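As C-alpha cells, here come the structures.
The two complexes that follow have chain A in common; it is paired with chain B in the first and with chain C in the second.
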Partner chain A sequence: MNETLNDNLIMQVNRLAFSYGWLKQKPVFTDFSLSVERGKVYGLLGLNGAGKSTLMYLMAGLLTPKAGEITVGGNNVRHRLPSTLSNIYVVPEEFMLPHMSLREFATLNGALYPRFSYDDMLHNLAIFDIDPNIKSLSSLSMGQKKKVLMSFAFATHTDLMLMDEPTNGLDIPGKSQFRRLVASQMSDDRTIIISTHQVHDIDRCIDHVVIIDHSNVLLDESVASITTKLRFVENGTAADADAAIYSQPSVMGYSLVLPNTGDDETELNLETLFNATLANSERITAIFNSKNA
Partner chain B sequence: MKTSNDIFSLPRFVAFAKREFTENRRHLLLQLGTLLGAITFTGLAMCFGVYTSEWARAASLQCDPLTFSLANGVLERNWVRLWFVFAVVLYGSLAAWNMENKAKRISRIMAPASQQEKFIFGAILVTVIMPLLTFLVIEVYDVIRYITLSYVVNTPCRDYVQLMTIPSMIVNDVKLSGFLLGIFFFNSVFVLGSCIWHNKALIKTIVAVLAVYFVLMSSAVLLSINSDFFISLKTSADVITGTLGVINWCLAYYIFTRADVVGRIINKK
Partner chain C sequence: MIKFNENKAIYLQIADRVCEDIILGTYTEAGRIPSVREYAQMIEVSANTVARSFDYLQQQGVLLNRRGVGLFVADNAVEAIKRMRREVFLSEELDPFMRQAVLLDISEQELLTAYRRHLNELKK
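Showing the complex of A and B:
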C-alpha cells in the first residue's frame, strides 16, 4: 500500500527548515512537509513573503535547506545530480535568453535534456502564435520571451515543471494560450507546480491547490475534493453571507464559500477560496479533516 | 542513487561546454577585443618610442642597430610578458562565470550537468582556453605591430621589425618553473575569488588581495620579522606558491559546489 502511494509521488518535502541570512537568520520554513503527486497541476498560493518562491527554489535544489530534505524520484534535489536536473525544468519569474536564434538555442539546450523534442517545441510555439524563425531571442519582448521559454520547457518533457508566476508579462490572449498549453502537455507522469498571485489565470487548469503561510500548509487538497466539500456562490445575498464560511462583496452581491451539503458541485473560485482559507483556516481545515475521518 | 554517469559523462560535458561557449561568445569576443585594443594602443605607443629612439641612438653611436635594439628591448619584452600574465591571471575570475545575477545562476545551476563537469569547464576555461586565446590576441597584436611599424616608421628601422618574436619574449630570461608557478598561484587566487563573489569578482578579488597583502606586511612590521625570514622563504618559494595554489583550487571547488541561487556563500551539501 505504501509502495503504491510512494510510486504515485514525484516529490516529497520532508521536515524542511530554511532561513535566509547567516548571522542574523530570518526563518522561512521550520518543519515543513509536503507530498506532490504525479500527473497533476498544482497551484501553489500564498501571500507575499509566505515563502512560495523560496519553496520553488528549494524544490529545484537551488537553495540548501538547514534541515530536512526534498526528494524527486528518490534523489535529494540538493545533490544536483544530472539525472535529477534533466528531469526538472524551472521557468523562473526573471530569466534571460541569450543573443542567438531560437533554433540554435533549442539545439544547444535541448541536447542536455534526453527527451527534448524540437517538433513539440514548434507545436507549443504554434499554440502561442509565435513564429519559430526567431533570429535573436534577446530582442524579443518580455512576454514573447516567456512564451518561447515555456514552449521550450514543455518540449523537454521533464517529469517535474516548476513555474514561478508564469503568466506575468503575458498579454490577454497569452493567458488563455498558456492554459491551453498546460492542458495539452499534461500526462500521467508529468507534474506541474505553478506559483502565482494571478489566480484567475490558472483556476481552470489546476487540479490541486496548496496554500502555504511559511511553515504552515493551510490547504493541500485536490480541486475535486474542494468542490465536493465546498460550494462557491457568486451572487449571494447578505443573508447568505451570514451563513457562509467566508464572504466578500462582489459586483453581483456577495462571493461566498459555503459548506457543500448536497451533491451538486460548483466551479472553483480560487480567489475566494484563497481569501477564505486565510481568513478562516481552522474551519476550512475542519471541513476537510471531517471528510478524511 | 549516485552513479558514475552522475559524476562525469563526456558527451554531456561537451554538450554543456558547447552551450556555455555559444551562448556567451559575444561576451568572450568583447573581452578579447578589449584586451587586443588595450595591448595594441599601449604597445604601439611603446614600440614607436623604443624603435625610433633606439634607432636614432644606435645611429648616433654608430653601432649595429639590430643588436642595439635587442639589447634595449628589455622594456618591451617585460611589457609583453606583463600583459600576458595580467590577462591570464585576471581571467581566473571567469572560473565561476555566468553566476553574476539570479537569472544566470538559475540557468547555470539547473543546467543538466554534474557539479564536477561545471567546475572542470571553468577550470579548463581559465587554465587552457583563456591563456591560449590571450596568446592568440598577443599574436594578432604582433601582426598589427609589424604592419604598422613596417609602413609608418622610417625605412632602415623597418628592416629590423620582425614577426613572431613575442612567444619567445614571454618566456625568455625567466625561470620557467617559477614563472608558471607564479601564474598558477595568482590565477588560483582569482579562481577562488570568482567562486566566493559571483558579482564583480575581479574587483572584489583585487581589493581582497591588496587587503591581505597590507595585513601581512603590517603584521611583519609590527612583529618585527626581519628580512632573513623572507630570504628563507624565497628559497622555498616554488613549494609555497604551488601548495597555496592547490589549496586555493580545492577551496574554490568546495565553495563552487555549495553555491546557491541566493544567500550564503558556503552551504552544506
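Showing the complex of A and C:
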C-alpha cells in the first residue's frame, strides 16, 4: 500500500466479504471494494437485495465483515474508536425513537458528537417546518421521525453521513425540504451517501453515482463524467432506439442512452442510466474505460 | 445527423437562469450574487453542480470572483450574455426556424412583415 494517504478520500472499502448467518445463506459480498471521495453527495443505487443497506451498516461499523476492511479517515470502522464513530452518522430506513422529548434526546445523543450544534438542529427543523417543542419522540409519525432524526443527524456535523432511503415516508413538501437540507448542509469536508430507489427525489442533489450488485460495482462515476460520456434523450424515435445503448418507451417516444460524442452535455436521467447499466453493464463500463485523450 | 430536442445538463440550465436574472435586473451589473450554497439551497440542487455552473459563467465573463469577498456580476455582464446568446441563436435556433420557413414556402416578404410586426409590438 502507498504510504501517503489520499486526502481526497474519506473512506475506503477494501476487499470486503460479508454474509448473514452461517449456514446456506448466499453471501451478500464476496470481494467488494470502493473508494469514496470527500465533499460529494453519492447516490447509491441497486436492486432490492443488492446489498445497499448492508453496505451502509458495514460502513458505520455496525456489522462485522467476514474478510476485508472499511476505513474512514484511515481507521478501521470495526475498531469502533470513539474518534471514528463520532465522525459517522447513519440514518436508517426504519428506526424507533425513544419516549423522551427532543431536547432530552439531543442532549443525550449530541454529547457523542463533538461538533454537534443545537442551534443548527433548530435551523434544520425549520427547513422541515417542524416545531422543536416535541414532548415525546415516540408518538411522532414515521415521516415526522425521519424529519427530526435527519435534522439531528446533520447538526452532528460528521464528515460521513449515511442515509438509507431518506425520502421514503416523507410527505410531498418533505422531499423538496430534504433536497434543500442536503444542499445547505454540504461542505468540502463532508460526504453524504444516499441509498435510494426514489431516483427522482434526489437526482439533482447528487454528484456521484454508484450502482452495485452484490460484489460488483457496476458503475462508479461522477455526474460530470457521466454526462460527458453519455447522452440522455427523452423523445427518441424507434429508429434512434435501435442505435442506442439502451432504450425504453416513454411518453414522448423513447428514453435513450447514447454515447456522447460531442461537447454538449444533456441532463442526467438517473432512471434510464440505472436501467441501462443493469441491462448492459459491459457496454457502459467500456465507454467509461475508454480514455479518449 | 439526427438532432434531438434534448434537455441541457443541469449546470447549463442553472447558468441560463442566472443569465436571465441578470438581463431582467434581479442581479445587477457589478452587484453581488448569492453564494454557491445559498443558491444550491434555493434551487435544491447539489452545491457542486452550482459551483460548476458559476465556474462556467466566470469563464464566459459573466461572473467575477473577487478573492475573499465573493462572486459578483461582471461590469459588462449583460453585453457578455447577449454575445453568448446571439451565437447560440444564430448557430442553433435560427436553423430549424429557417428550415420550417423554407419547407412551408414562407416568402421573404411574409418573414419581413412578421419581423417588423414583432419589432413594433416590442417597442410599444
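FYI, the second predicted complex is superposed on the first by the 285 of 293 C-alpha atoms of A that agree within 3 Å, B and C clash if a C-alpha of one lies under 4 Å from a C-alpha of the other, contacts with A are read in each partner's own complex, and residues count from 1 in each chain.
Basically, a contact is a pair of C-beta atoms (placed from the backbone, for glycine too) under 8 Å apart; a residue touches a chain by one contact, two chains touch by 3 or more.
Remember, it's a predicted structure, so these values are computed and weren't measured experimentally.
Chemist: Which partner does A:F95 contact after superposing on A: first (chain B), second (chain C), both, neither?
Modeler: Only chain B is touched by A:F95; chain C is not.
Chemist: Which of the two partners, first being chain B and second being chain C, lies in contact with A:S139: first, second, both, or neither?
Modeler: Touch partners of A:S139: none, neither chain B nor chain C.
Chemist: Kindly classify A:S184 by the partners it touches after superposition: chain B alone (first), chain C alone (second), both, or neither?
Modeler: After superposition on chain A, A:S184 lies in contact with chain C alone.
Chemist: Look at A:E104 in the shared chain and tell me whether it touches chain B only, chain C only, both, or neither; answer first, second, both or neither.
Modeler: The answer is first: A:E104 touches chain B but not chain C.
Chemist: Thinking of the overlay built on chain A, is A:S290 touched by chain B (first), by chain C (second), by both, or by neither?
Modeler: Neither chain B nor chain C is touched by A:S290.
Chemist: Kindly classify A:Y57 by the partners it touches after superposition: chain B alone (first), chain C alone (second), both, or neither?
Modeler: In the superposition, A:Y57 contacts chain B only.
Chemist: Pick one for A:L85: touches chain B only (first), chain C only (second), both, or neither.
Modeler: In the superposition, A:L85 touches chain B alone.
Chemist: For the complex, which residues does chain C have touching chain A?
Modeler: Its residues touching chain A are 2, 4-13, 37, 40-41, 43-49, 52.
Chemist: Tell me, which parts of chain A touch chain B in their complex?
Modeler: 20-22, 57, 60-64, 74-75, 78-83, 85-86, 88-90, 92, 94-96, 98-100, 104-105, 108-109, 111-113
Chemist: In the complex, go through chain B and note every residue touching chain A.
Modeler: By the definition above, chain B touches chain A via 1-3, 5-6, 9, 12, 15-16, 18-19, 22-24, 26, 102-107, 109-115, 117, 258, 260-264, 267-269.
Chemist: Taking the complex as given, what residues does chain A use to touch chain C?
Modeler: Contact set of chain A toward chain C: 39-41, 176, 179-180, 182-184, 186, 204-207, 223-224, 227, 231-236, 240, 264-268.
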